[in-house]
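Taking it in order: structure first as structure tokens, then the write-up.
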Amino acid sequence: ACGGGNKAGGNDAEGESASELSGEVIMDGSSTVYPIAEAAAEEYMAEQPNVKVSVGMSGTGGGFEKFSKGESDFSNASRPIKEEEKQAAAANDIEFQEFQLAYDGLSVVVNKENDWVDYLTVDELKKMWTEDGKEKKWSDIRSGWPDEEIQFFSPGHDSGTYDYFDEVILEGKEMVKTAQLSEDDNILVRGVEGDRYAIGYFGYAYYLENKDKLKIVPIDAGNGPIEPTNETIETGKYTPLSRPLFTYVNVKSLKEKPQVYDYMEFLLETAGDLAEEVGYVRLPEEKYKEQLETLQGLK
Amino acid sequence: MDKLLVSKRMKGRLVQNAILQAIFFFATVLGLIALMLLLSHVVMQAIGWLDGDFLNNFPSRRPEEAGMKSGLIGSLWLMMIVAPVSFILGVGTAIYLEEYALKNRFTAFIQTNISNLTGVPSIVFGLLGLTIFVRELGLGRSVLAAGLTMSLLVFPVIVVAAQEAIRAVPQQLREASYAMGATKWQTICRVVLPAALPGMLTGAILALSRAVGETAPLVVLGIPTFIAYLPSGVLDTFTVMPLQIYNWTGRPQEEFQHVAAAGIVVLLGFLIMMNSVAVLIRNKFQKRF
Amino acid sequence: MGIPTNQEQPFSVREMIVENQRRQHWPKRMEKIAPKLLFTLAALSVLVTLGILFTLLFETIEFFRWVSIVEFVTSKEWLPWNEEHGSFGVAPLVTGTLLTTGIAMLFAVPIGLASAIYLSEYASERTRRIIKPALEVLAGIPTIVYGFFALTIVTPLLQNVIPDLEIFNALSPGLVMGIMIIPMIASLSEDAMSAVPNSIREGALALGATKLEVALKVVLPAAASGVIASVILGISRAVGETMIVAVAGGSSPEFTFDVTKSIQTLTAYIVQVTTGDAGYGTTIYYSIYAVGMTLFLFTLVMNVLAQYISRRFREEY
Amino acid sequence: MPTAESGEAKGVVYETKDLNLWYGEHHALKHIHLTIYENKVTAIIGPSGCGKSTYIKTLNRMVELVPNVRIAGHLAYRGRNIFDPSYPVEQLRTQIGMVFQKPNPFPKSIYDNIAYGPRIHGIRNKKVLDEIVEKSLRGAALWDEVKDRLRDHAYGLSGGQQQRLCIARCLAIEPDVILMDEPTSALDPISTLKIEELIQELKKQYSIIIVTHNMQQAARISDKTAFFLNGEVIEYAETNKLFSNPADRRTEDYITGRFG
Amino acid sequence: MPTAESGEAKGVVYETKDLNLWYGEHHALKHIHLTIYENKVTAIIGPSGCGKSTYIKTLNRMVELVPNVRIAGHLAYRGRNIFDPSYPVEQLRTQIGMVFQKPNPFPKSIYDNIAYGPRIHGIRNKKVLDEIVEKSLRGAALWDEVKDRLRDHAYGLSGGQQQRLCIARCLAIEPDVILMDEPTSALDPISTLKIEELIQELKKQYSIIIVTHNMQQAARISDKTAFFLNGEVIEYAETNKLFSNPADRRTEDYITGRFG
């Protein structure tokens, strides 16, 4: 595998303390997870200036492709690994371990001037977003709402966000054809911002940053309308639209390269704080603890 | 010819000339207006964010601390590979096609092949580079692998420009050289190339400009975005400016849009400096025959 | 003819040359090596193409084991994500590409040529030396920047004129792509036109031709081969351009020729999948290779045609 | 035949008064005074680099195409200042035909070369064009050689043929004055003779100014001759007089080949 | 002086036997038989398009640069078949200098134009080059005009100056034979005279073949003259004889200007 092996054993027999590491740590994968990874790398290199951490953003799929060839130590993912990807890794004798780093709460938003929507149930969401061959109007969803066509904004088909929405809301059915798709969530923000009859969904961080321009829609999954907040997402009250973000680590790297192990440890220790700083939501504390134990078991 | 008719028509022709001149001028300016619009938009956004720190810092999650250093130096390294490799490859191919190749089917095939390469999307070159340079040759995600991939992507533009330039060198000059007993190679090196240099440099400018701004193939190669150290050789990992800009534009925080704008300004500054070297050489050599 | 002899002993150039020719093997050797070396360089381009073909071929074949070629070519629906009734008809991606390329060229060819004519025939040397490099900067702006330019500036501007324009559409990225291509056409055409000997211009001017008549009826035809080459490069670039259309064109493949609607191009689809989530080894993963192959064939056919046209137009001077 | 001094306004084509021209720093024409008459052949002779080409290129303002050219002085064509901004240079050049030192056919067919001038002046009629082409080619003594290959590319012609093509091209727009810069320097004696005869023929309708190195030619065909040296007009007189009885020592030296 | 018929091998530079040349379909040289002698000036005359340029471009194989040229026949330079593959064409051309019909200086400085030949043949020494440049420019009667601007671009020179530069460039490599294709057709009489004198000077060491339209020139400077017509050699003889007593009716018609 390329890039991995060289100069790994920085802490050699000369009796340097284990805290002075060197060598490379290669991280690639999801662009959703990238900000957390970037933050962690930044902080880690302040502590371990001789370790060269690099973070790429090839996307979850692209990350796994490289990971399964042994070209990276970590693959960040905004969804769990797929069966085909597992097989590809197995074919190259790559053993991996999954770790959760944070939550992302998919946020459903409407235009600031939308004064009729107070909340949406999961069924209403489903009815709205599923293609049924007819033009969708707000009045079709709940009576009393305006007789105006709904403008849909959704992340692109190939994003983890879409995947997740598809899974929990659409349940595999086709999304409305009139939906405007973009790979870039900032563009969705603009779309919803610019159209009174618009609705859209995207990552929590994008809502947080644009709170004053958008109106959040609480989601009722049977337990009353819940708005996404750090608290509701962390405790799991905001369902079904909150999803975990992952990193997958190459177990061989973990065992053979002390800096990889050290970095993983660092990740689990700091992910919560860093995730919140960049706009995601921390996992419950015990989750990190559990995973640290799993990690120690792999050493 | 009817003199009266001629002078009657003269006015119309002059008006036509003046109108079209104005249109041509306006068209030229239109491109510049677009450039200005874009630049002013970007520069306005970048104001306050573009400072010494920005050039001196590594990437950061905090917009105020985020900097371009690794990208800037990385792009410089990349160009140190792309410029010579693509120029030699492009000019060499052009010389072969114009001066040596027989006008046969194989030549026509190479010719078509080269213009075809200009239309292959950059991302496909990324796939090619990943397979060949990164994996087969084991160069990893290094400056060299990316530089070679990028060279393959941009060299066809140099070929086409250089071919046109070589073709435009008057045959009489070649004849004069041959008549002195110069060999073909000497004639090419000492007469044809200097006379064709301006056109070749135009090609180089266009090609390098593209190489500086390309994002997609580097993403496919797996060139990382976050790097907080500098490469020390062509086999080291690195990052480039467009990747960082791409990352910043996608971030949720408004501040990162400004960081991205600052990044774009730096990239354009880099581009202009790089081009002006080529432009200076081009101006020095440009002579009408 | 005596030279005013400085005290040096007289020398014979002829003898020196004969002597040098006897001793120097380097030029002779270079003469043999050069064509081979250059041939190797030229042949490399063929290798690159072969490399691309091979990169694409195996996965394309793999793709067609899952999806029938007939469906790929004839179906008018591109719905790769839909697991129940997914459909792999490439036509919508092709129309998306045709639309954006068409708009770009409609915009870039006239403006690029007009700029070339202005710079080569009207502008003073000074103006030319300033404007040309300035235009060339346009070619180097990262395409991602153009993408956002299209989306955040051009689309809203156009929406003022065309209220029906969707936020993602073919028109705006097409125009912006045109802006990006202008310098390519302008600069290369200008080079070709500048290379037309001045004596020919003088011949026409002396007949009382206006600059316009000289430019259009003498210089342009004489430079046709270079002008056509630049246009072909431009078209190729437009067909292969990725980021602008990915950002501003949207990602809804529709079989439509309506420029106000959201579209997806062949390239945008590839970039969407490669940077996205699709699992390695899935049908979607393989589909990008089939799309890449389509694109490859598409540009190939276009280039073969263009070569043919260009050969018919060439005027030597 | 009017003498050089008579200067009756009616027959004057060009009136040059204290004309100066610089290429950058180089003073190429110095205080030129010269009056050129209608229906005459005026020859300009002088050693290489003395400004002959420069002068006749000034007569149709072609010299302005050279960058950094500066012109001062008075030059009137048919009483009208040619530098007057209200006098379109295209109109001037339509009336002043020019044949250059180096043949410069367009990279087009023989036919299109000749038809170019008429076409830009709005003559579209195929039949008329055909006639113009034939007439002009005959006039330049080229018709018989090329009549079967009018559609061939002009660059396939030999040097001499190309030059005659350029003469034909110039005749096609029937100018008032024809400027010729060593038009026969690339021609064989037979074509030269034909061109010389043609010049004699043409001067009935046209005024011709010809630069030549061939003193016999100047003597044979011209009515008046100007001798240039170093950017100055040394002597300007009836050709007979200038060759038989030059007023200036330098003229004499030059025409007898003693000069240099 | 050896007669054309004597043909003693020692003094022969070129031996042409049944040489034929086609440009595509066009048969431009037809069964040429011609022997050219050492230290002589051989003039080639004939009307435009008769193949003069083609013939002398064959002598240094420059004609082969034209696509679709086909050559058949025998042509030996100093007893050696010039088409022999073992005879490098560069070596041939080093010994055969050439001056073209249209001046074609390189787009370089005056100095670099002259130094081009010596440099490609491996002469690097600055001082030697300086001397060669001066000597060659003097030889072409250009030194005085350009000595102060050797570093200027050659395109700034007038037509005549450019042609003399090309002659100087050719002299710089001291060839054995010099081919000249109407070298003086763009020159004034004074420069022409100098070049003619130079030719007389040079023929002591060199053999010179000159194409010219100027029959006086041919008569003045050449020892032997060949008259070409329509791709054939009509007559080849001592210049005196050819001009005073031509054997062929067509030659007579041509030299007396009755031809055409």
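When the chains are written out, they are named A, B, C, D and E in that same order, and each has its own residue count from 1.
Keep in mind that, in the parts below, a contact is a pair of C-beta atoms (placed from the backbone, for glycine too) under 8 Å apart; a residue touches a chain by one contact, two chains touch by 3 or more.
Quick caveat: nothing in here was measured; it's all calculated off a predicted structure.
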Neighbouring chains shared between chain A and chain E, ordered by label: B, C
Minimal step count in the chain contact network, chain A to chain D: 2
Approximate Å spacing (C-alpha centroids) for the pair chain B, chain C: 12
Whole-Å separation of chain centres (CA-atom averages), chain D against chain E: 30
Euclidean distance of C-alpha centroids - chain B vs chain D, Å: 48
Computed distance of Cα centres, chain C from chain A, in Å: 38
Shared-contact residues (touching 2 or more other chains) in chain C: 27-28, 197-198, 210, 213, 274-275
Junction residues of chain B - those touching two or more other chains: 13-14, 17, 170, 183, 186, 219-220, 249, 289
Interface hub residues of chain A, defined as touching at least two other chains: 31, 57-58, 62, 184
All chain pairs that touch each other: A-B, A-C, B-C, B-D, B-E, C-D, C-E, D-E
Residue ranges of chain B touching chain D (in the complex, touch as defined): 1, 5-7, 9-10, 13-14, 17
For the chain B and chain C complex, residues of the former touching the latter: 13-14, 16-17, 20-21, 23-25, 27-28, 30-32, 34-35, 37-38, 41-42, 88-89, 92-93, 95-97, 100-101, 108-128, 131-132, 152, 155-157, 159-161, 163-165, 167-168, 170, 183-186, 188, 198-199, 202-203, 205-206, 208-210, 212-216, 219-220, 241-242, 245-246, 249, 264, 267-268, 271-272, 275-276, 279, 283, 286, 288-289
Chain E partner contacts - residues on chain C that touch it in the complex: 1, 3, 6, 8, 11-14, 16-17, 20-21, 23-24, 27-28
Sites on chain A touched by chain B in the complex: 2-3, 24, 26-28, 31, 34-35, 37-39, 41-42, 45, 52-58, 62, 66, 69, 71-72, 184-186, 203, 205-206, 208-210, 274, 277-279
Complex interface listing, chain E residues touching chain C: 88, 91, 94, 118, 120-123, 128, 131-132, 134-135, 138-139, 172-176, 198, 201
